[in-house]
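Have a look at this one before I ask anything.
A, B, C and D label the chains in the order they appear, each numbered from 1.
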Amino acid sequence: MNKRVTRIGWIVLAALLCLSLVLVPGCTTPAEPEEPTIEIPYKNDGMFVQMIIGEPDSLDPAWCYETAGGEQIQYIYESLLWYDGEKTDEFVPVLATEWEWNDADLTWRFKIRDGVKFHEGGDLTPEDVEYSFERAMVQDRSGGPIWMLFNALLGVSSSDEVTFADIDGAVEVDGDWVVFTLSGAYYEFPFLQILCGQWGSIVDKEWCIANGDWPGTEETYLDYNHPAEESDTILFDDANGTGRWKLNIWEHGVQIKLEKFDDYWGDPAPFDWVITQLVEEWTTRKLALLAGDADFVDVPRAYIEELLDIEDITKYADLPGLHVDAFFFTFELVEDSPYIGSGALDGEGIPPDFFSDIDVRKGCAYAFDYETYLKDALLYEGKFLGSPVVEGLYGYNPDASKYTYDLTKAEEHLKKAWGGELWEKGCKFTLLYNAGNINRRTASELLAEGLHRVNEKFQVSIQPISWGNYVDLLLTSGLPIFCVGWTADYPHADNFVVPFMDSGAGGVFSYFQGYGYPELDAKIRAAFQELDPEEQLAKYYELQEIYFQECPGMLLVQTVGRRFYTKYIHGFYYNPIIPGNAGPLWDMSKSES
Amino acid sequence: MELRAYIIRRLLLLIPVLLGVTLFIFGITMFFSPIQRATLYVTNLRQLANLPAIIEQYGLDQPLVVQYGTWLGQVLRGNLGWSNVANMPVSEAIWHFLPATLELAIFATPLIILIGIFLGSTAAAHKDSPVDHGTRVVAIVGWSLPTFWLGLILLMVFYGYFRGFLPPSRLSIQMDMVVNSAEFIRYTHINTIDAILNLNGPVFLDALRHIILPVITLSIVNVAFIMRLMRSSMLESLGKGYILTARAKGLAEKVVVNKHARRNALIPVITVSGYLFAALANGVVITETIFNYKGIGWWAWQSAFRLDIASVLGFALFNAVLFVLVNLVVDILYTRVDPRVRLGGSVQ
Amino acid sequence: MEDLVTIRDLAVRFYTYEGVVHAIDDLDLDIRQGETLGIVGETGSGKSMTALAILRLIPYPGKIESGSIVFSDRDAGDELDLLTLSEDKMRAIRGNQISMVFQEPGAALNPVFTIGDQISEVFLLHRRQELGYQAKQRVDSLLSDGNGLAAGLKRPFWRWQRRLYNKIAGESHPVEPRLLSRIPLFRRLLWRLRDEASLLTVDMLKDVEIPDPARVAVHYPHELSGGMKQRAVIAMALACSPKLLIADEPTTSLDVTIQAQMLELFRRIKVDKGASVLFITHNLGVASEVCDRVAVMYAGRLCEVASVEELFLHPLHPYTKALLEAVPMPGRELQTIPGALADALNPPPGCRFHPRCPSALPMCEQERAKLKEVSKDHMVACHLF
Amino acid sequence: MTDWRFMARQLARNPMSLMGIIIIVVFAIIAIFAPLIAPPPEGHWNPNPYMIPRDGYSATPQPPSEEHVFGTTEGQYDIFYGVIWGTRTAFQIGLVVIGIVVAIGIVLGSLAGYFGGVLDEVIMRITDIFLAFPALILAMAIVSAIGPSVRSVMIALAVVSWPSYARLIRGDILQVREEDYIEASRGLGASSGRVILRHALPNAIYPTLVMASLDIGAVVLAAAALSFLGLGAPEGYADWGQLTSFARNWIVGPPGDSLKYWYAVTIPGLFILLFVLGWNLLGDAFRDILDPRLARR
């Protein structure tokens, strides 16, 4: 009897083992030899298929304020002009054939191209252009991108500060020309950059009105002002632009399919279809790329190594993105913040105004191991920075002074801090990061480790927290140090200096840090309004030096991107300001050779 | 008429449940400060300055009761609110994502039940023999597997090794073109069924190819649930007197097991197949994510993850209704299988 | 009068985790043609096991260890050792030559099938050819007296049906119908067999005195009273008018008035079916009413076998005596048997009754007593004789 | 009525449950001696032993070596240390959650079952509410509400899984309370509390035990799933689910060597599998033995 039982026992054991082994290919088959190089088959002729992560909020040019939407919009719509190839400060005509600046009355005049058709058949007229901008300013959804237009045209930041007359007057039609009146001469150049954003896209006036958008009259404009939800604007998932591709279908959460527009005014689109599928899982995306089902996929930086030595994949490296992550010190924390220990300088915590001491900030800046961060977190794909003005922006200073990993310097600063008291007593506080962001965790750990190296008594604990919570604490100055990133709206130093240094509402970070002061604000304004390019650069360099000296935040690394296409995709070039990662599809092509 | 009365009674019972579910979820949301919930609407850091406006706009700072009241009012007016995840009204989102999940269920559920019943009765028929232990261990191992792990490994083998053999997502690009073209009528948005209705072989095969892996994953993980139940209830009925009678009649063992024992053993299995539905509702969340098979589970996950409360609430309502209906059907089915049961009553 | 069943040194053992249980120990027993043999004994004395052993239905983990059960089929004129028979042959005998009535009518009937289905199942199984023949007859009559257009159209189908049922009536294992009966939908084409079977079923139910049998046939077990159920079970058992009917405590679970009816029924059956009955009970009173001979069992062994009168007038075995004294009677205070039933796992050595035996001899503890005939038809296993 | 000795004997005899027990015992040993098997690094800036020490910060997993027996996973977290201390986490989650859940279930269930009436109605409707919602998704909502951490995972799982226990126990109590001996002790004027504790519960408890033993595995799985969906323990916390989700993007290695990172993928996966398997085997055997409907020979 017992013999039987044990026999069954063995059988069961065997069965179990076999099963787990079957399910664990790794154990049974230690990396059996496959041919090292793989062939990616040529699929989907005439289609550009990309698999990416983010889905647009809305395809309405006036609403959209994120890259996923911006990318689609730039395929469907067109603006008056566009950047010249890789350059971010020279332009080529698109819907405007020529443009001239008038210093006297601060106007930009654009001659509108004729013979341009909209997807739904309408013809492009100067009225359409006027309507497009006025519609955008009338809509001005809260938190939207239109503040840029208001800044440039009316010197204010939202429609609440102006009357309809102002909006109406900002853009006027003059024969074949459209005239924009700017708020200041210094906007002459930035305005052109602003026009290239998706918010500068031209829509079809008649079609929009016919479909129930703003009729263009004063009495109705308040009804179309500050729409609450994406679906409140008809251009949300319905589109009618002049671009090379027209919207075929947007299956929310699944894919967006763009179809070639045959009546395009310029040279025809290189792809019959542009298909953007949303695939969250990296493994799935990678396998799709290798199977040739996708021509381009989003590749998280951590995983680039897996693709590096595949011949059939074309790689483009060292593409500086107009983006920077940084640690920001909060100068004046709330008294009852749970992350500052005892709330006093007694070794069991930190006082709320801990980081208002410049030596503390500099100490931290020197205690951070930039090289390791670059090596491990970014796999060398980054550039060190001294200031918020990153490479690729107008006003970037290649040899701005930078912080380095230097524990001795860190030590001397931290010894000075708080009259030496800090060094004696030590400190304890919590460093938070938004859960899921591995790189920011790594950065936090590096900082904590560095400080601990300088002085055993510096105890920094690290804690993840949901993004919502994080923002909440950020806004209520509850975070001793917060780590967030910033991406350009348009490639101009001002677009970075203001959020990092301005003490007003424009200072996205400095405002919540409690950094910034009137003189500085004045300097920023002066730099922006300076008309002489030489002078302007000098002023921006000065601002960057100030940021380095006062060290209100420690810039991590300017991330440098890569692109991976199947070898069948040709013609990629890099322009950092183009939204989305797929690149300038209109200049690219797909062929089997 | 007893039937109608019964159905009505059950549906009336649904109302308090729905109220409870939604109220509970609303309670959860009260864990957040208004700002936290407002961040859902932030796509660009510049909007941080606008958070108060957003809070104002969505009335996020209102007390629980007020928010619930307004929401309920909207619901009664047939408006479930805006799903930020799906980028469309919640009510639309449900119908937008349902077909995919339905397709999974249509294939997975029968598979799970049949395999489960088969394994269960086999194991029972050979109680304590190696066969028994074998089947049980297999089933239990499957049950102990982390879904995501299994799914990704299957993906690795059938999409990675045999390159592109069983791909993720619902359709290949070409077939997607066909499906979205004018001459293909999407009656149900359930690709396989539509393909049949359109008499379109390629699409059908393609859809089939895409659905195999997720279905297998779901089945492997859930089959033990039915299997162990079937086994024990089979053992139970095999121990009953009428089995001895049947044998004493001279019936062949096969007939005894398959006719007399199984018919009785099925009864409890039917009762729980309602819960199998719940089990699947959990299973699809991960399965759909991994196989990029965008269905209602994926949507629900994203919503819960990004605290898109409107969506979560909508999903909750939908799911609760579905759950109750399924159980209702099960109960009615029950009376057909077991002559002893009357609606509303129970077996013994 | 010759024997229908001859059981020789039958041994049944149960292999449980706790140990080996000797359910039956070299049991010798004869069941004669047309008699009613009763087996009495306490619960667990092995009565039911004997019955199941005859049908070879000892449940797992039980096992028939040794011995022989010879069943003499008078019509076939040959003798079969049931224990060596092939499973198929055995199945042909179960429910046909030998059938069984169980203690719990409620449990014995399958709750999800109607009474009719469960009874006709037996006919369909064992009386297939006859049914086939009946069916053929009906089709013939249809063919002969069916005329008119409708009938004309149906004729080819009827012909085919006749051929079909002819096959069933003829060969023992006709191919075509077997195939049909496998395939769910086509199975219906054999509906005439079912019809015939249900006709027989109704007759059967009438036989066991069930009022309005046609209606009862379509009822589910839970819709019937205990007595009705038991009658149905008996009908099922008698369906193929078996040579041997085994009744395992058929009346215990019924209340007294019904009991009486049942016993009456059994007597009648014996008379007009001429079947032998193996009547298992723990109730001596019942036994005395129905049985011709009675066998007394204790702890898996036979103590005494004798005709009813003999046993009740001159019981020999101390256990039998004790049993008889334990029967409540007016004008005598109840005697109980001291001690408890022997532990089946490790039974006492020698005579298993000796620990409880008032007149036990020393030798009783060593060796067990063989069953010896003390007077005509009276056998007892005790050292006292 | 089942008695413990009988059960113990059966468990020891049944090869499946035997394996289950062995597996669990092994894990228990690992959990208890974790500090010895994988001692936390000295003088690390982070004193919490549950945080897996990192060897560098690069993403790419490193294969097994002397100092990393099982290699390192994404972010250079030591897999060996992770799985060893993760065993503690697993037991923590499993036992704590089930403990809480059973406690709640017993209290509410027996109240509902024993007193019936309005109380019963209310409690059952509440359980309806919970059962009408897919547990995993509800758990997700709760976790993302109170912020991802092991603690909140446990809370969430407890919240979503108590109702089925309440129902189970209620049902059993309902059955038992009709039994004669309960009537009897009532007749003897025993207080209801006493009747529940002394008579009703002990007899109703067995199915609950079965379910509990089965659920410990399920709970750990659910926790792992939550981690995988980004709603589990904080990055770097010793938790199997998280280790698996670290490996999530390395399941398919670089082309030509698809199994390059098998250690990162399979080792944590196997730990989960075996742990859950252990409990399921045990539970399944329990179920066989205790299932009142199965005739016991």
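Definition applied: a residue touches a chain if its C-beta (ideal position, glycine included) is under 8 Å from a C-beta of that chain, and two chains touch if they have at least 3 such contacts.
Please read all numbers here as calculations on a predicted model, not as lab measurements.
Asks: Name the chain with the Cα centroid closest to the overall protein Cα centroid.
Replies: That would be B.
Asks: Count the C-beta contact pairs for A-D and for B-C, then tell me which is higher.
Replies: Pair with the higher count of C-beta contacts: A-D.
Asks: Could you state the distance in Å from the CA-based centre of chain A to that of chain D?
Replies: Spacing between the chain centres: roughly 42 Å.
Asks: On a C-alpha centroid basis, what's the spacing between chain C and chain D, in Å?
Replies: 52
Asks: Go ahead and note the Å separation of the Cα centroids belonging to chain A and chain C.
Replies: 87
Asks: Where in chain D do residues touch two or more other chains at once?
Replies: In chain D, residues 13, 15-16, 144, 230, 248, 251-252, 258, 265, 269, 273, 277 touch at least two other chains, as defined above.
Asks: What are the residue numbers in chain A that touch two or more other chains?
Replies: 8, 12, 16, 20, 23, 25, 38, 281, 283, 287, 290, 466, 469, in rising order.
Asks: Using the touch rule from the top of the page, what residues of chain B touch 2 or more other chains?
Replies: Residue numbers touching two or more other chains: 32, 133, 137, 141, 145, 152-153, 155-156, 160, 289, 307.
Asks: Under the touch definition given earlier, write down the residues of chain C that touch chain B in their complex.
Replies: Against chain B, the touching part of chain C is residues 55, 57, 59-60, 91-96, 99-100, 102, 104, 106-113, 121-122, 125-126, 220, 222, 233, 236.
Asks: Which of the residues in chain B end up touching chain A in this complex?
Replies: 32-33, 35-37, 39-51, 53-54, 57-58, 82, 85-89, 93, 96-97, 128-130, 133-134, 137-138, 141, 145, 150, 152-153, 155-157, 159-160, 163-164, 167-170, 172-174, 176-177, 180, 289-292, 294, 298-299, 302, 307
Asks: Could you pull out which chain A residues touch chain B in their complex?
Replies: It is residues 7-8, 11-12, 15-16, 19-20, 23, 25, 38, 43-44, 47, 49, 55-58, 65-66, 142-143, 145, 147, 228-231, 237, 248-249, 251-255, 257, 273, 275, 277-281, 283-284, 287-288, 290-293, 466-469, 471-472, 474-476, 484, 486, 499, 505, 508, 511-512 of chain A that touch chain B.
Asks: Going by the contact rule set out above, which residues of chain B touch chain C in the complex?
Replies: By the definition above, chain B touches chain C via 127, 240-242, 244-252, 260, 263-264, 337-340.
Asks: Using the touch rule from the top, collect the residues of chain A that touch chain D in their complex.
Replies: 5-6, 8-9, 12-13, 16, 20, 23-27, 29-32, 34-38, 281-283, 286-287, 290, 300-303, 305-307, 309-310, 372-373, 375-377, 379, 435-436, 438, 441-442, 445-446, 448-449, 451-452, 459-466, 469
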